[in-house]
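A short worksheet on the structure shown next.
Labels for the chains are A, B, C and D, by order of writing; each one numbers its residues from 1.
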Amino acid sequence: MAAAIDPAAIKVILGEIAEETLALRRVGKVASYIPELAGVDPEGFAVSVAFLDGRTAEVGAVGETFSIQSISKVFNLTLALGKIGDVLWRRVGREPSGNAFNSIVQLEQEQGIPRNPFINAGAIVVSDVLLAGHEPKETIAETVTFLRFLAGDESIVVDKAVAQSEKATGNRNFALAYFLKAHGNLVETPDRVLGVYFHQCAIAMSCRQLARACLFLAADGRDPVGGRRIVSAQRARRINALMMTSGMYDASGDFAYRIGLPAKSGVGGGIVAVVPGVGTVAVWSPGLDATGNSLVGSLVLEKLVQRTGWTVFGGR
Amino acid sequence: MAAAIDPAAIKVILGEIAEETLALRRVGKVASYIPELAGVDPEGFAVSVAFLDGRTAEVGAVGETFSIQSISKVFNLTLALGKIGDVLWRRVGREPSGNAFNSIVQLEQEQGIPRNPFINAGAIVVSDVLLAGHEPKETIAETVTFLRFLAGDESIVVDKAVAQSEKATGNRNFALAYFLKAHGNLVETPDRVLGVYFHQCAIAMSCRQLARACLFLAADGRDPVGGRRIVSAQRARRINALMMTSGMYDASGDFAYRIGLPAKSGVGGGIVAVVPGVGTVAVWSPGLDATGNSLVGSLVLEKLVQRTGWTVFGGR
Amino acid sequence: MAAAIDPAAIKVILGEIAEETLALRRVGKVASYIPELAGVDPEGFAVSVAFLDGRTAEVGAVGETFSIQSISKVFNLTLALGKIGDVLWRRVGREPSGNAFNSIVQLEQEQGIPRNPFINAGAIVVSDVLLAGHEPKETIAETVTFLRFLAGDESIVVDKAVAQSEKATGNRNFALAYFLKAHGNLVETPDRVLGVYFHQCAIAMSCRQLARACLFLAADGRDPVGGRRIVSAQRARRINALMMTSGMYDASGDFAYRIGLPAKSGVGGGIVAVVPGVGTVAVWSPGLDATGNSLVGSLVLEKLVQRTGWTVFGGR
Amino acid sequence: MAAAIDPAAIKVILGEIAEETLALRRVGKVASYIPELAGVDPEGFAVSVAFLDGRTAEVGAVGETFSIQSISKVFNLTLALGKIGDVLWRRVGREPSGNAFNSIVQLEQEQGIPRNPFINAGAIVVSDVLLAGHEPKETIAETVTFLRFLAGDESIVVDKAVAQSEKATGNRNFALAYFLKAHGNLVETPDRVLGVYFHQCAIAMSCRQLARACLFLAADGRDPVGGRRIVSAQRARRINALMMTSGMYDASGDFAYRIGLPAKSGVGGGIVAVVPGVGTVAVWSPGLDATGNSLVGSLVLEKLVQRTGWTVFGGR
């Protein structure tokens, strides 16, 4: 998959794709369950490619921040695996859910063990692991600090208004948390865990920051620019595997089919995709498709992969 | 992922792994729902790696045939896509099922559209597509002929005794087929379609034949040895994607996590894995784990990937 | 609940109710899955009350026959209990299903034991019990003979065209039967059992015949007119109990709430209700509500109970 | 069902039945999810029959109080129907659930409308209706006051320790409440509603008090002793119907089959059954069967009905 990369050529491709998908930005539906998301401009758009050598190819508002939402689950998972390792898998599964991301049905059938760390119930367990006796503030700060470190950007913060609104409308997540608690799969109280969880989802980042922050996943766990090891090669690959099978809600299979890259999306309209050995792609377009993934974002990635051959499933 | 490949070195690794997993061959349970499978020697073992350049690395009874069972679903899917293309996806989904491979529950919830072509219901629809007005015999012959062509081996045949037993004990598959019919997702009669389906599952092949037959999936759709194009590059990659997200029954997520390669298993104890750009691996060990996949087969692949770095999720 | 009964007064009430519900006959939807049912006149209407002393109160086309469909399940259950007694309950449950009458989901969750003998899967098991090594023709004849005996009317027959159509469109029932077979809860082949089942559903009877045939259920198991014991008092009461909790598909709770009588409906538009100690009511109106029960039929029973106090839940 | 009642003869029967079931008191399992219930003497036993004319037949510790738990749902439903009438049915169904009493699965499938007012989710909605802007204390007092009035006994109180423990272990009920809230089927906060709900479940009553308090249900809504109308005849009958189809958790069908009376049980080991036109029976024995109903309590009722013919399904 290596081949010589030419950021300038990629930037041209990105520009063409941005043009081609322009008319579709208003087709998807902006998430509307909280006013802070509902008010986002549906025309907002950015795509940022970060290469292993530190170069980038960018188009659109790549410095504009948006709510990363479920994309935060990748970083929290990384932290939780760092904290307790494979013991995590006693409390969360690794299988695609075959159900909506916030379904409680499967949770009952499977006795309180969420199917994977990227559905809400699984991510709540991950937040519980990170909280583990600390103060919620500290735990939230831990994730933010990790992201600042990965992105090399101290400006990353939680959008407090989003966090507040998430909590005010988060009844289904409270239901999930109490259900986990009832099954003995939550150590802390639902209130404390969700306090952490909602803040993690409310972190605001730009495409530039996101692409940069995920680069270690494209480089076997080492930050290819800074040179520091973030996680082991095996762990990086495994996180990629989880993103591939479960990262795009209940459209993960379809995304693997169309795009063929490990990726994670959020209802804020962001998607991060990993191209092992090449780099990362972060795309943002707030309009969502029926599965809750950015409609234009998915399409941009599909077109980019078609023109670059950046799928992990190719033989070249 | 390229790097210089040394078949001799791989053969040494395979030998070591065979040794290390020897004691586990009797831990898994041989499929027992039909006498023909129940009678298979649990000690049977083979692993065959086929490289793009035609060389191989093999250990064990690589010429001994076994019932390929669900592995046939990969080849039938390839044929069906060749026949009707993406129209197939109106009748079958592309999402992991999150349920047992023969579950009828999800089928009811999703109105007769099977979640993917690798669960039984989906594969039955695929067989219906292949049958489409032909005689069952012709359709069975089509799959066998395709496999002989891919493997370059005219000796591949259906094990009639297995096919007969499958039919005699196939009540759940009949239930699935009638259910599909009730939802209008079966053109032919359940009897005719299952006649085809059971024979396809009953094809007997060796690890050597299987690894060879799948080589086009590791080479962007072109047979790298014979040089003929089997499917387009995009289609090959997409079949790999489906194998990654849904190929290992309800353990596909776990398999992606541990091994990180597109793969398809069968209850006969076989597994085929694709290493894009490198080659294919076919392994056989009849003892199954709780998810219906070869216990030793999965372990062999895991160890092989750890020592070779052959996961698609790595950055090197 | 006894009180002095005046058939003439009841007939006046029935006439009023028929008048009041006249306009609603075209609101419900006539079953349309087979042409024989789809072609029935939606204006068809009859209601027949049979009292323990042999007198009747009737309005409408009480001699006109219609397809009794699921109402046959009451008679088959009676025969099966006579044949094998409480052993039946090892193969069928006694709980309301909380699901559509032909759901296959619950059957999977409960390992092939249908929830009750009035959902399709349960009735198919009952037919299997009745078949038990006999010829389908004999078994069908057994049910018809039983009905002729109960109704005192030798003219009752199976509508062969309906039976034929049921089979031709019965894919979902075949799915249920094969599923039962897969779980070991069917002794005979699905083909033979459904041959019996479809014929039993296709029996044609009039309201007059139906009300008469059920009289033993209102009289503790003894035919109050002929004087012969049909079943024990306990068994009659228990069949009534099953009708109360599961007789009206997934609207049984609502029916108990509104009407408060044991009853069984069929998609042919018939309903039979039992008033213990008083008599029986058979009503027919082909238009069905969303739950598959006769819309006008249910309403007629509700109005009749309101004016007569014939609920089993009353204190007078 | 009238016939001349002889309380003395009934008392003899009750004594015999108590004797016959003595050995089974330790077979059932006392509810153990809170220490206050776990500590109850499994040998505790009482049965009290209240007749319409005010006489009684009693055996055992009929004055000893126990936690009525889900039996409170009958009284709360009565109050809620008095408050908002049939509007209640827009928020709660009337169908048996076909699932465990505290299942969250069905709630998701049915979009936040609990199947009936006797499963936990439905009872939580009923508590929400009763709370409706009042103080939890007032609402709890309302139920207690109603029970004191019905039973003619001012000593009835909430067991505060039980209420406290219920809350401390009530995670699943919190999950249900938040889930209802997420679906817009809860007006008040889960915390306030469950504060009420847990106290209502923690009311302590004796068999004597319970039998007396339910007498209006056996007498078409009028207190047959005090002479005051509690609810309309229709409403009393309808509450009986709901108890028949849904009062005994997921064993309601079996209970109707075996006993044939409207009844409501609680995990404290109490059961109240209604014999329309005759009276009521309250029985208490803490050991529960697998369905959560008093094992000996159910058996006592079955034997009593067999010897008295007090089923609603009988013709005499």
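Rule of thumb we're sticking to: contacts are C-beta pairs under 8 Å (C-beta built on N, C-alpha and C of every residue); 3 or more make two chains touch, one makes a residue touch a chain.
Just so you know, these numbers come straight off a predicted model, no measurement behind them.
Asker: Show which chains lie in contact with chain A and also with chain B.
Answerer: none
Asker: Smallest number of touch links from chain B to reach chain C?
Answerer: Minimum step count, chain B to chain C: 1.
Asker: Taking all residue numbers at the chain A/chain D interface, are over half used by both copies (same) or under half (different)?
Answerer: Homomeric contact, same residues on both sides for the most part.
Asker: Quick one: report the Å distance separating chain A from chain C, using the average Cα coordinate of each chain.
Answerer: The mean C-alpha positions of chain A and chain C differ by 56 Å.
Asker: Could you state the distance in Å from the CA-based centre of chain A to that of chain D?
Answerer: 49
Asker: Let me have the rounded angstrom distance from the C-alpha centre of chain C over to the C-alpha centre of chain D, please.
Answerer: 31
Asker: If a residue has to touch 2 or more other chains to count, which residues of chain D qualify?
Answerer: none
Asker: What are all the chain pairs that meet the touch criterion?
Answerer: So the chains that touch one another pair up as A-B, A-D, B-C, C-D.
Asker: What part of chain B is in contact with chain A in the complex they form?
Answerer: Those in contact with chain A are residues 1-2, 52, 93-99, 106, 115-116, 218-220, 233-234, 236-238, 240-242, 244-246, 250-254, 256-258, 260, 262, 276-277, 306, 311-316.
Asker: Applying the document's contact rule, which stretches of chain C touch chain B when the two form their complex?
Answerer: Interface residues on chain C, with respect to chain B: 103-105, 108-109, 171-172, 174-179, 181-182, 190.
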